[in-house]
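Right, I'll just put the structure down here and ask away after.
In this document, chain identifiers A, B, C and D correspond to the written order of the chains, with residue numbering beginning at 1 in each.
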Amino acid sequence: MQFELGCQLGYDVKADGTPFLFNIEAQNAETQRVLSEQLILDPPLPSTTWTMPESGNRYFRTVAPKGKLTLRYTATVDLTSELTALEQILGMPPAELPLQVFTHLWPSRYCQSDKLERFARSTFGGLEPGYATVNGICNWIHDYVAYEGGVSDALTSAFDTVTQRAGVCRDFAHLAIALCRTLGIPARYVSAYASQLDPPDFHAVFEAFLRGSNGGSWFIFDATRMSDPAGLVRIGIGRDAAEVAFCSPFGNTGFDKPEVWIRQVGGNNLATVQGVRTSVA
Amino acid sequence: MQFELGCQLGYDVKADGTPFLFNIEAQNAETQRVLSEQLILDPPLPSTTWTMPESGNRYFRTVAPKGKLTLRYTATVDLTSELTALEQILGMPPAELPLQVFTHLWPSRYCQSDKLERFARSTFGGLEPGYATVNGICNWIHDYVAYEGGVSDALTSAFDTVTQRAGVCRDFAHLAIALCRTLGIPARYVSAYASQLDPPDFHAVFEAFLRGSNGGSWFIFDATRMSDPAGLVRIGIGRDAAEVAFCSPFGNTGFDKPEVWIRQVGGNNLATVQGVRTSVA
Amino acid sequence: MQFELGCQLGYDVKADGTPFLFNIEAQNAETQRVLSEQLILDPPLPSTTWTMPESGNRYFRTVAPKGKLTLRYTATVDLTSELTALEQILGMPPAELPLQVFTHLWPSRYCQSDKLERFARSTFGGLEPGYATVNGICNWIHDYVAYEGGVSDALTSAFDTVTQRAGVCRDFAHLAIALCRTLGIPARYVSAYASQLDPPDFHAVFEAFLRGSNGGSWFIFDATRMSDPAGLVRIGIGRDAAEVAFCSPFGNTGFDKPEVWIRQVGGNNLATVQGVRTSVA
Amino acid sequence: MQFELGCQLGYDVKADGTPFLFNIEAQNAETQRVLSEQLILDPPLPSTTWTMPESGNRYFRTVAPKGKLTLRYTATVDLTSELTALEQILGMPPAELPLQVFTHLWPSRYCQSDKLERFARSTFGGLEPGYATVNGICNWIHDYVAYEGGVSDALTSAFDTVTQRAGVCRDFAHLAIALCRTLGIPARYVSAYASQLDPPDFHAVFEAFLRGSNGGSWFIFDATRMSDPAGLVRIGIGRDAAEVAFCSPFGNTGFDKPEVWIRQVGGNNLATVQGVRTSVA
């Protein structure tokens, strides 16, 4: 399943020598292959790049002069995520989890799983471990948290959202991740190009580590229910949004509203009713 | 400089099949070599081990039956940390930082650097970047935060400590890390066996990424001023305490007070007045 | 309905001239009459007293010398609270509330009604205004919050408890008050001698302002369900616990566990199934 | 010293029967007399009024139909605040405070004095009790907290501001009040018409209870240093901003930017260098 996607970002740099760290390029991963891509900086500037080994995130830094900075990224990406029947997606207890996924059981800045223990157990403790629990969390968030801009901000965390009950995709993902972790399910934040998102924008979803038909794997979920999990092209994977900001300027900078796009090549009728496995541990 | 160290931990396991994740073994790293070591579990139990590539942390999991569980770890470790004259330890701006240390600029669960911006700039903004800033942060914490047990708990974070002004080594490290990050200095949490700590216990210190005579490096600091940075044998390195708990039981468990010890072999007169470089990025 | 009640409090005063503010005497109010009472301080000390006009709370201050301070209070109190059939207890909209009760619609230290808007509306918004809503709040707290010591402390507030879901009578009352206020129901904190509480102790309950058969009135509720509302002898009424601490020492002081008692004179079979109206606005 | 003052407020009421609670009228108090005043509602609507006995605040409620609602208030007010030489303004210890001011020692929604203990003692503990301490608090806030709109919001409290270090008059007053209370000085929030404020607006200041030449009295302070304490016409006095909102609509309502004005009659050269005593307890 191929996708053409990209973004165009514009900045008004106020001082010479302003560093920018970007994370907007599609990952190359087991189930996601970048077939072709192009990144254009205007003005043309040298950049330093790094792919984080444990996540596959592709970061690059450039140092911009005062004035206008424009970045345009385009790519064609092939997704081969494996689909798994929902009833075959089960939980994996701490005694069996691969040690390298424990990182995603620990609380993080915006996902304070250590403060949600009783809430999570009383609300979701009766669900079957595995898909049923993660899906139950997404359902609860969908039912009880309003998707609404302007209510949350960059400091808002899962502990706020669970009570304040409004936010955007980032807040939905943070709350779902925190609740999964509290219940012993490793979970991580994923920024993505998301088919069917309307209006198009960078999207935030999450992955939970569950036992599929091939053993422990990461399955992708969208707590907002606004995208199809099978049509998500992953950019960054992290403990939470702190780790995968699409742009971090180090200095005073204005910015244009980002343009983001993605369309499926030769098809547009995703409607997945199976689990989407993205990777093994 | 050699050290003999170890710990003995005892648990009262309430149910069969209780998993434990431990992180108590000394790291093998550029400047720290484990010469010999022994780990004894009583009862003898199989364990699964993993060394996290990006940090060198050594985790192991065992699954314990109901009853008493005792762990005894002993090691001889050689430290070869390089000393650097303090005035040669300078700052490194975001335009020059290696990309792999940006991880430690981001806020984490207990180090909410994103909420400390104005406080950090107004209090430390006048200091020279580099050693002077990190040392200034340690001095401020030493002067304004009381070292006192029973005031903070497992949920206490840097944002609390900066105002509540009391805590233990963990809180001191969290606050120092948060302030460094706010000021653009990558910083990470380090759990350690600490010479000269009285009474002996697992200790929490931190590392800041600065420019030494060999380029960008991690330098180790103790915001409590209770240990000598040159006599710290590192166990775990992480974004904050969430990542390097020495023991995480998954189930209801009683525990004995841990016994922890370390002594320098053939010498006991550390008094470092230089920066202690532990590793490159 | 008469009650004999009292308390004995003991302090270890560390310095001469330590002031204490107490609020442990039963109120004299429309539906609660103190028939006789005795207060003994040992050593005998002069005290300054004040009855707060808007609440009827009786405060007294004494200044103690170094050494042991003991206070013993005994009283016989007659309660004549009016009972109202539950279905006759209705809501009163802001357009009709007496202006003097608006004070108890506003957020306070431990009852941050301003942060609970969406949670309260989505959880309780479907209930009929009046008794049904307040009772629904009590039911929810009873079902979802564990009554458990040692989890909360003097800093714990309703915003914490709604997610952390454990606490003691003080926390239960704070959460109920906050939720009432968010939903437009004036609510206030009440400290009381509580019949049937086991073990006996100072108790925390709350009052909501609703429309009874005689117009707007305060009705008393116990979110813990551990006492009978008809057997509560009120001590202090306030915005939250901050205002009605039974003892506030100004200085370093040790204390004994308080002894508190209350027994119904000539009867012990309370089992109220009606609303208990304590006062008009 | 006479002042002419007033405000004009405009609302776009979205539904019939929307209640509004206002607190915008100048108080009549010991040192402040309303010589004449006029309040016009357009459309003309009946209103219910109440003067809170313990504060003198004048509240009124009206219930508005759908459509435009305009309120215009004008008044002439005479201030006779007594001036006291600064060195004569001393502290009053808890053993001597009138019991009715203890209310203003307790923590409130936005002034969590219970969480600032060590910060307050270490920062201000060395100052002389009395004027020197309150002035030291104002100086610290002036030096360390930026006066800046858009950083804080209606949920921001003193515990946030002490670290986040930016806010508006409301936040300045909250922090000053919280710090006074922590240090044993009763303090209360005051909304006011403020001469010399540029641009004119409703202003937030605070009063501290200190010992003047006539015994215990409330003295008024402006932590923003933007107004002259001798030129403040008080509207509302409360534990914090929660209690003295100038307008609380109960329902969805748009609003115009308020117009607020005040000018001294026959004089415009305030420059007080003495303490301004507004009332006895």
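By definition in this document, a residue touches a chain if its C-beta (ideal position, glycine included) is under 8 Å from a C-beta of that chain, and two chains touch if they have at least 3 such contacts.
Fair warning: this is a prediction, and the values are worked out from it, not measured in the lab.
**Q** On the document's contact criterion, could you list the chains that touch subunit B and likewise touch subunit D?
**A** Joint contacts: the list comes back empty.
**Q** At what distance in angstrom does the C-alpha mean of subunit D lie from that of subunit A?
**A** 46
**Q** Take the average of all CA coordinates in subunit C, do the same for subunit D, and state the distance between these two points in whole angstrom.
**A** Centres of subunit C and subunit D (C-alpha means) sit 29 Å apart.
**Q** At what distance in angstrom does the C-alpha mean of subunit C lie from that of subunit B?
**A** 46
**Q** Give me the residues of subunit D that touch two or more other chains.
**A** 115, in rising order.
**Q** Go through the chains and record each pair that touches.
**A** Touching chain pairs, listed by label, come out as A-B, A-C, B-D, C-D.
**Q** Enumerate the contact residues on subunit B facing subunit D in the complex.
**A** That would be residues 115-119, 122, 144, 146, 159, 162-166 of subunit B.
**Q** Any idea which subunit C residues touch subunit D in the complex?
**A** Residue positions touching the partner: 17, 19, 21, 48-50, 52-54, 59-61, 63, 93-95, 98-100, 102-103, 106-109, 111-112, 114-115, 154-155, 184, 239, 242-243, 250.
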